[in-house]
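Presented sequentially are two complexes of subunit A, the first with subunit B as partner and the second with subunit C.
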Partner chain A sequence: MRKLDPRTKLLLLVVINVVMMTGKITGIFVPVRIVFALIPFFLMMRETWFRGSFIYFFLYLYVFLFERFTLQDIHPVLLIILLFTTGLLSRFLAGVMMAYYLMKTTTVSEFVTSMERMHIPKVIVIPFAVMFRFFPTLKEEWQDVKNAMKMRGIGLAGRNPLDVLEYVMVPILMSVSKIADELSAASMTKCLSVDGKRTHIAKVGFSFLDIIMFLCAAAGLFAHIFLGGVIGT
Partner chain B sequence: MKKFEVKDLINIGIYTALHFLCIFLVAMLGFIPQAFIFAGIIEGFLGAIPIMIFLTKVKKFGMITIMGLLLGLITLLMGRPWPCVVIGLAAGLITDLIWMKADFSKIKFGPVCCGTMMLWTAGMGLPLFFGYRDSYLANLEEGYGKEYVEVIRSLTPDWMFIGMIIIAVVGGFLGGLFAKRILRKHFAKANLVE
Partner chain C sequence: MITFSNINFHYKNNRTDKGNLIDISLTIEDGELIVLTGESGCGKTTFTRLINGLAPNYYPGTVTGELYLDGENIIGKSVAELGRTVGSVFQNPRSQFFNVDTDSELAFAAENIAMDPSEIIRRMDEVTEELDLTELRGCSIFELSGGEKQRIACGSVAVMHPKVIVLDEPSSNLDAESIEKLKCVLAKWKKQGKTIIIAEHRLFFLRELADRLIVMKDGRITNVFERDEMSELSASLKEMGIRPLVEPELIVRRSVEGIRNYIRIEHFKYSYDRKTVALSVDNMSLPGNQVVAIIGNNGAGKSTFLKCLCGIYKTKKDKITLNGSRWKRKLRYRDCYLVFQDVNHQLFTESVLDELIIGMDDSLSEDVKKEKALEILERFGIRDLADHHPMALSGGQKQRVAIASSVAAGRDIILMDEPTSGMDELNMMRLSQELKRLKEAGKTIYVVTHDYEFINECCDSVIRLA
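Right, the complex of A and B next:
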């Protein structure tokens, strides 16, 4: 199975976020939104993450129907509570899923290779790649800190919030600055600090699916800009 | 300008990730219109801590600018209008200049830097203001009804954009003060920073 090119994934992420977060939610944009909500679902099914993709599918279906049929002219206070659950999810969920897919399926070497093909300077590519790989690590660190606190019987509830912040942030920052040192040692073995052209063994390139996805994204952007979905027109 | 080493680039990536995560988690709260004033303060407060630690690792001009650019690019990835990249870049550049004035070491300038760094969050609120405003609200109205839009409209006149920036900067400054205390208490002792 050919993998999707990282550039396609990035483009899709941008377009999904543009359409979902700033686009209209009525009229011709109903089918557009449905298509873009289905893209992450389809991509996740392709990776055979059945459980995740079905949870996403039904959550989105619920939110979508809710937004369509119950959010019209009801009491503002109730509306704001409902919005926090449905409106927020219907805007963020697809983008978050796409970002998750992007991070899970793209290796650092693929990402760096495809960015270098686009001649993006190293000073931007490397921090970006590090950042993408770092979000999952941060989650692990947070788990570890939580476990360590539980083991020593330090609860977070009912404390001064500033103390809580200190108890959580200090250990995370400590290990983060150690990880930074380790990563830069590891990067030596990958010759990242050497000037000159590097070679790559990661295979990236556009396939048939990439072209379809590109067309989808282009159509979505076209609808967004020329059919009145865009803000500022 | 001194050349960047890979270690510098990795530091930029890591601290940008941490900073962005802090902001993003709080920014979710901002969806409730009444909460978004508090959200600005908390965002700044939380986000300042990674920035402060990052500042102690910066010894070259340009590193903070790249961080600003990255933050701008992420905002773009989240579907905000393109000027957010310029805003991010500008925020980074301003902070960089201040920190350079402080010889990359005078920690008492730290809180100010944390404050100015928060300017990039202005890009996040961009759809609610200026030319984007009316159509954004009109389009919300179609979906969510008049009352919700009225609440938002009354809370966000154009001057609120400036207000929002000031709130975030003040939040960043306060967070910077707190982070400075943490830095002295924990990190200086463990020799993790000079």
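Right, the complex of A and C next:
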């Protein structure tokens, strides 16, 4: 199975977010939204993440239908809450899933390779590359700290929220800054520097699927800008 | 050949003399395997940092003297430049990977010096074969154990074909099996004629490989032992505060003290995902009011066992009794206290004193709490640290604070996960004394450890998880 090029993924992420967040939800934009909501689903299915894909699919289906067929005879407050959450989900969910897909399926070296193909300077590429590593690390650290708090009986309830924030942030920040420090040292000994040429063993390049995705994104963006998709036009 | 000639190094922004080097002169021949040892803060890490250039380039300080690598003075050369000939493996397996997957990490350094991609791939395959990394290829580093990460770290160094390899406490987070694998890697490198410099506390796995053992103290080289001198060292090493060269035999004592069948486990199961079982214990009893060592091979679920026992991990349908009465997860939370391998994660507050107070019984008044906390700190010999920030302490001190806070919280059962990893002899002995004192105060201590010297020093019984 050919992998999608990181550049295509990045383009899709941007376009999906722009169209879903700032776009209209009626008229010809109904099919546009459907297509864009289906792209992350399709990509996730392709990775055989069935559980995640189906949860996403049905959640989106619910949100999508709810946006169109508003319930009647319902308490106004409840309706506002429902509308608010569905509105939020319909705008953010696809983008979030796309970002998740991007993070999960792109290795750091593929990302760096494709960024360098676009001649983006290393000063920008390297911090982005480090982010790929940063989020999972943060998750690990958070798990540990959460466990430690639980065990020490420092519950979240009944305490000054600022104190709680401090209890969580102090160990995480300490530990993350230590990791960052050691990681920079280790990377330097592996000859990482801002100047100087690199080679790549990662194979990135466009395939047929990239072209289709690219066309989808282009068409969606075209409709969004020129056919009056932006809210308020 | 590496030659240190009257090297002095002083870290900038360092108020103590910890880690500084004073008047180091030493010649290391090609193909030698040198082991540096000594108490924490003796400067052995700094020694390795001068060779790979991290000091003074990344860790700033002032250097005087000369350091020659193959006849060339390397002081002032950049880390990246030195990286072409010097490979580095570090202590913490969690923080030495730039990439998220193992393949990219293996190729990383070679890519950085713009090596031809086909040559990189050829070398990666060669290293995979040599260091037996096949099953680790193409994995996410977040799925690997500490030992596996360390093997990949070695592999990524080997791809560069370095002449010199420096390792800074590479075994400190590893279990027995992984240490054995590390030893094999070192043996292979030695055979290939690489010059290897290792800073370490645990020495037993290096005994057969080391050409010279160098003992450091307060920044100076105090002793240099040749290969044939090492065998007669055991007794004098202990006096120097250094771990033994031979892994001690486990001494099994028949303990009559303590409470028999304190904890009875009939059914105890845990799995991280729905497929693999990480822990499965049927029928086990643990003694109370003792220091109990829990040993077992890699993957026997020792750490998982501790986390389940103290209630962090949710086990379903467990059948555990404490002193004959049902001991549910909620109660286990209240009675147990786990001291993590990485204590950094369990120190939350701004001062050592607060650290103790926060876990105390809420019904006590602030003054009583404070008084009690100071009393406990006194007992642990860290009263003068009461106002210090926990994160500013040394590793051994942090651990003492963590144990002290478990006492402050009134927990009766203290669990510890690999408490002596990366510890020098002095700190290990101190910890043993503390655990014995806790036992006399009526506490029960369960320690997961691989450290036989430590077990012989303070544990009353040993339980093997299989």
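Operating definition for what follows: the second predicted complex is superposed on the first by the 215 of 233 C-alpha atoms of A that agree within 3 Å, B and C clash if a C-alpha of one lies under 4 Å from a C-alpha of the other, contacts with A are read in each partner's own complex, and residues count from 1 in each chain.
Note that in this section a residue touches a chain if its C-beta (ideal position, glycine included) is under 8 Å from a C-beta of that chain, and two chains touch if they have at least 3 such contacts.
Computed from a predicted structure; not experimentally measured.
Shared-chain residue A:I179: touches subunit B and subunit C both. After overlaying the two complexes on the shared chain, residue contacts for A:I124 are found with subunit B alone; subunit C is out of touch. In the superposed three-chain model, the partner touching more residues of subunit A is B, compared with the other of subunit B and subunit C. Judged by the touch definition given at the top, the superposed model places A:S187 against both subunit B and subunit C.
Contacts of A:E166 after superposition on the shared chain: both subunit B and subunit C are touched. In the superposed model, A:F134 lies in contact with subunit B only, and not with subunit C.
In the superposed model, A:V145 lies in contact with subunit C only, and not with subunit B. Shared-chain residue A:T199: touches subunit C; no touch with subunit B.
Counting contacts as defined above, subunit A residues 129-130, 166, 170, 174, 179, 183-184, 187-188, 192-193 meet subunit B in one complex and subunit C in the other.
Those residues of subunit B that touch subunit A in the shared complex are 4-7, 9-18, 20-21, 28, 31-34, 46, 49-50, 53, 57, 66-67, 69-70, 73, 76-81, 127, 131-132, 135-136, 139, 142-148, 151, 178, 182, 186-187, 190, 192.
Put simply, subunit C touches subunit A in their complex at residues 52-54, 57-59, 78-80, 82-84, 86-88, 90, 92, 94-101, 103-104, 107-117, 120-121, 124, 142, 156, 307, 310-312, 333-334, 336-338, 340, 342, 344-350, 358-359, 391, 405, 409. Subunit A contributes residues 107-109, 129-130, 132-133, 136-137, 140-141, 144-145, 147-154, 166-168, 170-171, 174-175, 178-179, 182-193, 196-202 to its touches with subunit C in the complex. Residues 10, 13-14, 16-27, 67, 71-76, 79-80, 83-84, 87-88, 92, 95, 99, 122-124, 126-131, 134-135, 138, 162, 165-166, 169-170, 172-174, 176-177, 179-181, 183-184, 187-188, 192-193, 230-233 of subunit A are the ones that touch subunit B when the two sit in their complex.
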